[in-house]
Every structure is written in C-alpha cells, then in structure tokens.
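Just below sit the structures, each encoded as structure tokens.
Same chain, two partners: chain A is paired with chain B first, then with chain C.
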Partner chain A sequence: MTATENPPIVTPVPARPAVARRHRRPGVAALPYLLLAPATLTLLVLLGWPVLSVLLTSFRRLDLRELVQGKVVWVGLDNYRAVLGDPTFWTVTLRTLAFTAACVIATVVGGLAVAVLMRHVGRAVRTVLQVSLVLAWAMPFLAATTVFQWMFDQNYGILDKTLVRLGLTSFAGHSWFTTGFSTLAVIVTLITWQGIPFVAFTLFAGMLGVPAEQYEAAAIDGASGWQTFRAVTWPAVRPLVTLVTFLSLLWDFKVFPQVWAMREGGPDGGSTTLAVLQYVKGIAGSHFGVAAAVAVLMILVLVGLTAQNLRLMLRAQEYR
Partner chain B sequence: MRNPRRVWRPWGAVAWLAGVLFVLPAAWMVLTALHSEPDAATNPPSVAAPLTLQGYAEFFGAGTGVSPWPPLINSATASVGSTVLVLLLAIPAAYALAIKPVRKWTDVLFFFLSTKMLPMVAGLLPVYLFAQYTGLLDNISLLAVLYTSMNLPIAVWLMRSFLAEVPKEIMESAALDGAGLLTTLRRVVAPVAAPGIAATALICFIFSWNELLFARVLTGVVAGTAPVFLTGFVTSQGLFLAKVCAAATVISLPVLVAGFAAQDKLVQGLSLGAVK
Partner chain C sequence: MSKKITISVVALLVAVVFAFPTYWMVATALKPSQLLLSSGYDLVPTAVTGRHFADAVAKPNFLTYVRNSLVVTLGAVLCALVAGLLAAVPLARLRFRGRRGFLLLLLVAQMAPFEALLIPMYLMMRDLDLLNRLPSLVLVYFATTLPFTAWTLRGFILGLPADLEEAAMVDGCGRWGAFRRVTLPLLGPGLVATSVFGFITAWNEFLYALVFMQDENRFTLPVWLSSFQSVFGTDWGGTMAASTLFTVPVLIFFLVVQRNLVSGMTAGAVKG
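Showing the complex of A and B:
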C-alpha cells in the first residue's frame, strides 16, 4: 500500500484522492510494479549482463589465445594501468570531449534554429522543410557517410568545386582528409546534419505547446523577435533543450559507425575517438581486456558528464 | 500560421535554404543512383548526364544474381519485431511510472536511462560470445531482441511523458464510474496517447532499420540486414558509386514513407510530452 503514498504532484491538501485511494483493493497497489517488471527485467538481463561482463573482462588478460583456449587470467588493474599510462589515451580522450562538445552544440543550436524557423514560416514551406528533415534523418548511416565522403572528395567533391566557383580558388583540389582536425570537422558536419532533424522536431513540438496569447501579448508590448524568443519561447522549451542535449551527449560521445566509416580513425590516428580506440584495441587488435578497460573508463567519463544534467532533468520532472 | 501578421518574409527564404541544405546530400544520392557508373564518377560531377536505371537493375540482382529481398525482409522483421516488442514492454512500464506512480520512480527512470551509458562497441564481444554459445549467430530474432533492449530506455522515457498528459481527473472519474482497467486504457488513455505512441514507434523503427554495427558482426548470409547488404557494394572492386546510391535510395525508402506518413503525428506526439 505504501506505493501510492507519494504522488508526484505537489498539492497542498490532497483531500479527495486520499479518500478515493482508501477504497482500493490491496492487489491494486502491486499493479504498478507488475507493469514495470517486464521492461526492467528485460533491460537487466539484456544490458546489465553485458555491462557486468565488460567490467569483469577489464580485469582479465583476454587476447585471442585466452579466448580460444577459454582460459581465465586475472590481471587485476594491469589493463587500466596500460590504458592510463598510454599518452595516446589522454590525447584521444581530450579529442573525444572536444568532438562531442562540437557535435552537441552544433546539433542543439542548429535544431533550435530550425525549430524557430518552422514556427515562423507558412504551412507549405514548413512541410517542405519537414520532409527535407525526415529525408536527412532516414538516410542509412553508411549511405550518408559515403555521400559525405564524395561531397568532400579532393578530386570529385562538389564542395571544392562550389568553393572554387565562388571565387575561393585556393580550394581547388583541397583535401579535407589530410589532417585529423579537418577530418573530424567533416564528421561533425555529418553527425550534426543527421542529428538536427530529431532535435528540431522535438523543439518545434514543444513550441506548439506555447499558448498563442503569450505571443500576442509580446507583440502588443512591442517586443522584438529576440525579446519574444527570450521571454516566451525559451522558458517553454528549456526543459526540452535539456533533454535533447542529454540525448545528444549520449549518442555523440559513443558514436562509432560514422567516425569509423569516414576514414577508419585516420589520418595517422588523427580522427580516432574513444569509441574507435576501443574498437581498434578490441575487435581489430584482439586485446579484449584492454578494450573493456577503455569501455569502463568511457562509461565513467559519460556518467561524469551527464550526472548533473540528469539530476536537473529528473528534479524538474519530479515537481511537474 | 497562428499569427500571420508576424511572418517576416525573409524567413521563408531562409527556410527554403535550410531545406535545400538538408535535402542536398539525399537528392545527390537519388540523382547519382540514376546515372551510369562512368557518369557518376566524372570530374566535375555531371549533373546533366543521361539517366539510366542500370544502378537499380544491378541492385535488384542484374549481373550478380543476388536478390536484395532477403536482406530487406530481414530488416523489416528486425525493425517491426523490435518496435512491437518495445511498445509492448514500454507502454505498461511508462503507464506505471506516469499514472500510478511507484515509490522512488525517478530512480527507476534513472536506471532506465543509465543503461544507455554503455558504449555499444563494448557490448559486441559479450553478445557475440553469447550468440555463439547459444547458436543464435546469424539469427534475425537475436537482432530484434537486441534492438529492443537498445530502444527500450528512450521509449520508456518518451512514453512516460506522453502518458503523464492524460488528465488525472478523467482517470479518477472513470474509476468512480466503475470502469475496469482495460476500459480505462482503451477509452481514456489510448486516444490521448496515440500520437505519442506513433512518434515513439517511428523513432524506434528508424533506429532499428539503420543499425549497422551489431547487424554486421552478428549476421551472415542468412540473416544479413539491408545496411549490411549495402556495405557489400562499397567493398567491391571498380566503380560502385551509382550502385551504392541506388541501393541506399531503395533502403531509405521504407523509412521515408513511414516518416512522411507520420511527420504530423510526430510533431503532435512529441508536443504532448517531455515539455511541461
């Protein structure tokens, strides 16, 4: 029965619901838990078990030999020592953080801009925009990556041609993939392009919830576009911005297929992120123990990055 | 729309520009798919080259005799199967969290979301070993189950916010009128939550349809999905761009159709929850 003592709505005097609740049969109290059980158990089994397995593997030496022979060799913190003692790991971690920040900021700011745009244009134009967004969203990762490779290609790329035509002749035959930085810039563009649709749709949907009177009042008060945005739109969509920032953080920090498919972490490891490093050590290099240690460290960084964000989000939900 | 006086003309132009920017890569893909291989690889890119259906013919097996239908059907099975599973698991869970709050329900939500912290690449080895051990390698149902677990946390989160929009008073009066749980669900909850369910389903479907990493490692000849089939075109020798673009266009089509059909629902659905 205790389950129902803690309703999420903060009401000063919850008189009527309390009366209604007293009449419930005992079986009803267990119902929420029964409803929650299947999803929770599924997740515990399907995701909890790999997490546990990765954690245990990170304390073992598990190369191809041990894997084939089925031997279990515990090495304590050796894998962590190896990873943390490798200067490459720190470079890659900093690079991944910068890469994630660039992706998340570009996606959220771009998505917000597109959402505001959708609110301002007529129905026909908005439909065109929405269809374009769905197109970008729907494209398989690999197809999108291939198209971007060709767009940015040194010899065949449409981007260099366009820049030359615009008068920037120094871009003739410019290669975007010679440095890690510009390779990552291309990948950030790709991920932002694919990430904006979800963010834009979510934020636009949030803006639809703002009562029209508030905009009318702002217009009567003679507020400028920016003032209206700050006073009316922003407070309404801020919780949503927190949500999409959190989700983008989760996705972009761990993103692998696009980064790998673009240049396999090259040139010379210059576009290697933590997810790629983990793949290179593990699946490609068959040092599964070391790879697992990298994965555990990634989880720790991600928890550190999102903990504050998540706590704010949950608190906001609690006082709805 | 809501306030025509405030429409500032340049916005329309900016919107068109943004639309073009988003559509450009996709449009280029569709166009290249209709070019012959030599035309697709010219320098500078030839926009006005003669159109041909050769790329599509090759995708559908002309020359190689490899049919694209098994991978497409595999993808459909995994995506639809996992989306249905996700909804079956997420709706009751979200209902419990939103309408009949459980004690410490924020902790439960935290647990659901924290499972998204695991880098997917890290899960590959344990899942691969498990599949090998149980003989589930190259089996499409394993993928469907895996996609379910990947989508479930987000689905529970989204659905919870949608269901929280159902007015409590209506639920209570339905209960007072003696309506059973099923009747309440069907008459009161479903109509309000339907667009939200559609939006969640679309998001899960797009993710499963496009997933490549696990599909590539865990499937082979029998259960290979459409994205895996697509990688086959890239690694082959010689000119492949038109073929890849044709394949990518066909593979994007189901998601496009679903997205186009659901875009209004998507906006409507997303506007219900998560916000207030």
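Showing the complex of A and C:
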C-alpha cells in the first residue's frame, strides 16, 4: 500500500454553523433563549403545571363544596384507595386494555395488509384505493361517529338491511347497542376504519424504499409471495411497524370522542373506558380529586405500556 | 395474470369499504326524508333534495357554532405558528447551552396525553374565569398543537441549506433580513403543512370543548353534532347534512397537504 493509492481524504466538517460563530457579542447570546421563551412559557404553564396539578389534586378531596369554598383538603391516598378498591375501576381498566389491544392489532394488521395491497396493484387501482383511504382518514371523529350510528341504526340502518338481504333474516331490527361488548365492537370498527389509512400510507412509504433489485432477486430465486414478504418486505418495514404500533397505542388508549359520542359509555356503563370514567367521575360527578387519581393511574398505565418505545425514542432523538 | 386481476378486485373492494361511510353520509344527506325512514333498499338515491342542507344551516345557532369553531381553531393555529416558528429557528440553526433539553421538552410534550389533564385544565380555567369562554379552548388547543408545530417546522428549517442565509448576509443582509428574505419564503410549504395539521387537530377536538363550554351558543361544531339526537330527533338527513358540512373543510385541507400527509404525521416520531 503506497501513499499514492490512498490519498488522505480531507472532509470539511461543518460541525457548527458558521453563523453561530460570528456572534459572540453579549445580548446575541441571549437570542436563542428569547426566541424560545414564548413556546417554553406556554408549555410550562399549559402542560407542566397541569401535570403537577393533576398529581397534587389526586391527593386532595375536591368535590363541589371544596371547589366553591376554595378549601384545600389533603386526604393522602384516600382517592387512590377509593378508586383501586372499586371493582368497577378494575373492570373498566381491563376493558380499556382489551379495547386498546383490539384497536391496535386490527389497525396495524389491517394497515399492513392494505399497504401490501397498494404495492401490488397497478397505478389506476392504487389511486382509487388511496383516495378512498384519504376519505376515511379525513372525516372528523364526530362526523364519523354519527355516520356509524346511522349505518348501525336498529330500524333503518344500512347494515341490518344488507344482512337481511344476504339471507341473515335474524338481523332484521337487530340493535347493535344493547350490550357493552357489541357497542365497543362497533367503536373498535370505527376506530380501526379511521386508523388504517395512516398506518397503510406510512408502511407503503416504507416499502417504496426497498430497492427493486431485492424483489427481482427473490423472484429469480423462486420465492413465493409469502417468502418474499418474510425475507424482503418485513425486515424493511419492521421499524415502521413498531412506530405505528406505538403511536396507535398512544392514541387508542385514551380515546374519548368516539366512545362518548357513540353511547356515552352505555348501555349501563358497559362501554365505559378509562377516559370516559375520568369524565364521568370528574366533570359529571364533580369528584375532581377522584378523577385526578383516575387520570394519574391512566398516565401510569400508558407509560407502562409504551415504556420500551419511549426509551428507544428518547435515546434516538436526543442527539442531533 | 389472473392473480393480478384477483388482487385488483380485492383492492377495489377494500376501496369501497373505506369510501362507503363518506359516500353514505353524502347520499343520506341528499335523500328526501320519506326515503330515509323506509324499509326500501336503495344504495343510490332515487331522488335528490337539498332540503337537509338548508335545514341544517337554518338550525338555531348553526352559524354561531361555525364561527366558534373557526375562532378557536384559527386562534390556536396562529399562536402555535408564531411561537412554534420562533422556537424552531434557534433549535435548527443556533448552538447554545440547553438546546438538547429544549428538544427533549418538545419531544416529550408531543406525546403528552392531554386527555388525562382534563381535571387540572378545568380547575385552571375556572380560576382564570375562562370557563364557558372561547379563549380557554384557544389556550388548550394552542398547547396541544405547539409541540408538533415547533418540531415539524424545525425539521423543515433543517432541510433548507444554511448557506443560502449566509450568502444573503455576505451580501449585506442583517440576520433578520436574511431570515425574512431567504428562509421565510422557502418555509412557505412547511408553514402551510403544519398549520393544516394544527387546524385538523383543533377542528376535531371534542373533550375540552364539551367540558369547558356550558352555554349552547358557545358550543363548537363537534359538541353540537354530538347532541344531534336532541337537536334533530331521528332526522338522519339533517344529521348527515350537518356532518357533511363539518367534514368538507377538513377534506379540502387534506387535499392541500396530501403530499406531506405521511411525512408530517411521523415527522416527530421517525426522525428529527
């Protein structure tokens, strides 16, 4: 190895932007902090303080009386004892977890399937598919919920009518909202329907990044569709699958509008999730301390569910 | 070849499933009432009427709800854009002590479960005497959309070459002049995309609007729509017309940003 073969490569390293170096005058040093002040202040007041406050409130008795009189009554862990000692809370928590799992699994698996479908169809069909996905994605939650209520309507809903037409006559006048389970199933359908487009587009974008040669190589080797998916597509989209699973968890666990607007947590509390419970205890029942305890427990469960991802994400993002 | 056709047919069926609720909403809104509450089976309206739209618009306070929704949404988006842009510039362009801490704050704030902060927010707005007043919603939506806005705008600024600004400064522009004449115009698409996402978030928000607003004339569109059964009874035509009117702005905005849909949603999460 001679020196001529390997000339030293001098890479210019723009470690710091030149603009930063130019300003060493006092006053300019304060510039970044001045610019960041409005955003930081907003987040401290409207996010930092509420986080602290929800924790403090959860240790207080704060019903309508205390609220009106402005009294501060510390009760230690009483609220937590009340919440954790209430069997309803455990039912609701388990229900929320099952509900979240159903939403997340259906959304991610469905989204992956739709993404694969997008990759395999021609341009025209793909455009049709993408437009209809955007239609589902764009519909505001409340509009979507009312449409689903109408489609699942007992008397004139299109679903029951269609099922009867298909020969399932027992569905004539069938009500989908008589049990909590059935109501939640409708809500899961709604959330999955609205959630799939984002997942599908994200994973499809990831699949576009796979070099075509890899698919050609797989085809030459005689790989079946499933084998190609396992060996080529899946490794490429796996990080994205983790990401959309994490995001779906974050969104679906605390979802409120669709659950509340569908049947207000009914029938008889049968479709109540933790987000609804917080609302019912706190706002409808005016037990703000108890509701705060529910909120804190909600945050803890959510952090527990996403801890792995949170750690990875913070580690990856911090340095840049 | 037949496999290709099968896949296309499946894809089209999936497309129908996803488009159907939107189609059904519009089709119902256009059908005359007597066709809606009947046992007939008509997937395509056999007659069309604009009555339901006229009814929905003529409902008491409808225009007030539209105005309320617009005020809180645009107010929040505007605040988030200004504060977000101010924060994005130093985070993208300047080196200073604590920069990483600020980035971390944004990242964590972006994932904060605002729904779980309902009680302290309620108590705070009560103390500030803002309950039942639109500014309370502006503040909450501002806080909800700010982290995302700042983070995404920072990403857009990082995407612009710093050399451009430096060149302008060499040519005699001040720091502010260089930013205003060079970076800001290039940032146009980023500002549009982030504000659209902010708009959609705030336009959709239901929980806080439901809790904070007590008087009917302070309702936003989602709250009004959730009470449709008392407003419309079994008037599904009117309900669907109202839902359609509520959906249209979002649909338009989705079309505006379609290119950035995915990158925007994952901007904070995939990479910086």
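Following the convention adopted for this analysis, the second predicted complex is superposed on the first by the 263 of 320 C-alpha atoms of A that agree within 3 Å, B and C clash if a C-alpha of one lies under 4 Å from a C-alpha of the other, contacts with A are read in each partner's own complex, and residues count from 1 in each chain.
As a working rule, a contact is a pair of C-beta atoms (placed from the backbone, for glycine too) under 8 Å apart; a residue touches a chain by one contact, two chains touch by 3 or more.
This one's a predicted model, so the numbers in the text were calculated from it and none came from an experiment.
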*asked:* Taking the superposition on A as described, I'd like to know which of chain B and chain C A:Asp86 touches: first, second, both or neither.
replied: neither
*asked:* Going by the contact rule set out at the top, does A:Glu216 touch chain B (first), chain C (second), both, or neither?
replied: first
_Just checking: does A:Ala292 make contact with chain B only, chain C only, both, or neither of them? Give me first, second, both or neither._
both
*Would you sort A:Ala136 into first (chain B), second (chain C), both or neither based on which partner it touches?*
both
*After superposition on the shared chain, which partner residues are touched by A:Arg123: those of chain B (first), chain C (second), both, or neither?*
first
*Which of the two partners, first being chain B and second being chain C, lies in contact with A:Ser53: first, second, both, or neither?*
both
_Residues of chain A contacting chain B in one complex and chain C in the other_ = 17, 20, 31-33, 35-36, 38-40, 42-43, 46-47, 49-51, 53-54, 57, 114, 117-118, 120-122, 125-126, 128-129, 131-144, 146-148, 150-151, 155-156, 158, 161, 193, 196-198, 201-202, 205, 240, 243, 247, 250, 254, 256-257, 275, 278-279, 282-283, 288, 291-292, 295, 298-299, 302, 310, 314, 317-318, 320
*Would you pull the chain C residues touching chain A in the complex into a rising list?*
4, 7-8, 10-12, 14-19, 21-22, 24-25, 28, 36-39, 41, 43, 82-84, 86-87, 89-91, 93-96, 98-100, 102-109, 111-124, 126, 139-140, 142-143, 146-147, 150, 162, 165-166, 169, 175, 203-204, 206-207, 210-211, 221-222, 225-226, 228, 236, 239-240, 243-244, 246-247, 250-251, 253-255, 258, 261-263, 265-266, 269-270, 272
*For the complex, which residues does chain A have touching chain B?*
2-9, 17, 20, 31-33, 35-36, 38-40, 42-43, 46-51, 53-54, 57, 114, 117-118, 120-123, 125-126, 128-144, 146-148, 150-151, 155-156, 158, 161, 193, 196-198, 201-202, 204-206, 208-209, 212, 215-216, 219, 225, 236-237, 239-240, 243, 247, 250, 254, 256-257, 274-275, 278-279, 282-283, 288, 291-292, 295, 298-299, 302-303, 306, 310, 314, 317-318, 320
_Residues of chain A touching chain C in the complex_ = 16-20, 29, 31-33, 35-36, 38-40, 42-43, 46-47, 49-51, 53-54, 57, 62, 67, 114, 117-118, 120-122, 125-126, 128-129, 131-148, 150-151, 153, 155-156, 158, 161-162, 165, 193, 196-198, 201-202, 205, 240, 243, 246-247, 250, 254, 256-257, 260-261, 275, 278-279, 282-283, 288, 291-292, 295-296, 298-299, 302, 310, 313-314, 317-320
*Where on chain B does chain A make contact in their complex?*
1-3, 5-8, 11-12, 14-16, 18-20, 22-23, 25-26, 28-29, 41-45, 89-90, 92-93, 95-97, 100-103, 105-106, 108-127, 145-146, 148-149, 152-154, 156, 164, 168, 172, 175-176, 181, 203, 206, 209-210, 212-213, 217, 226-227, 230-231, 234, 241, 244-245, 247-248, 251-252, 255-256, 259-260, 263, 266-272, 274-276
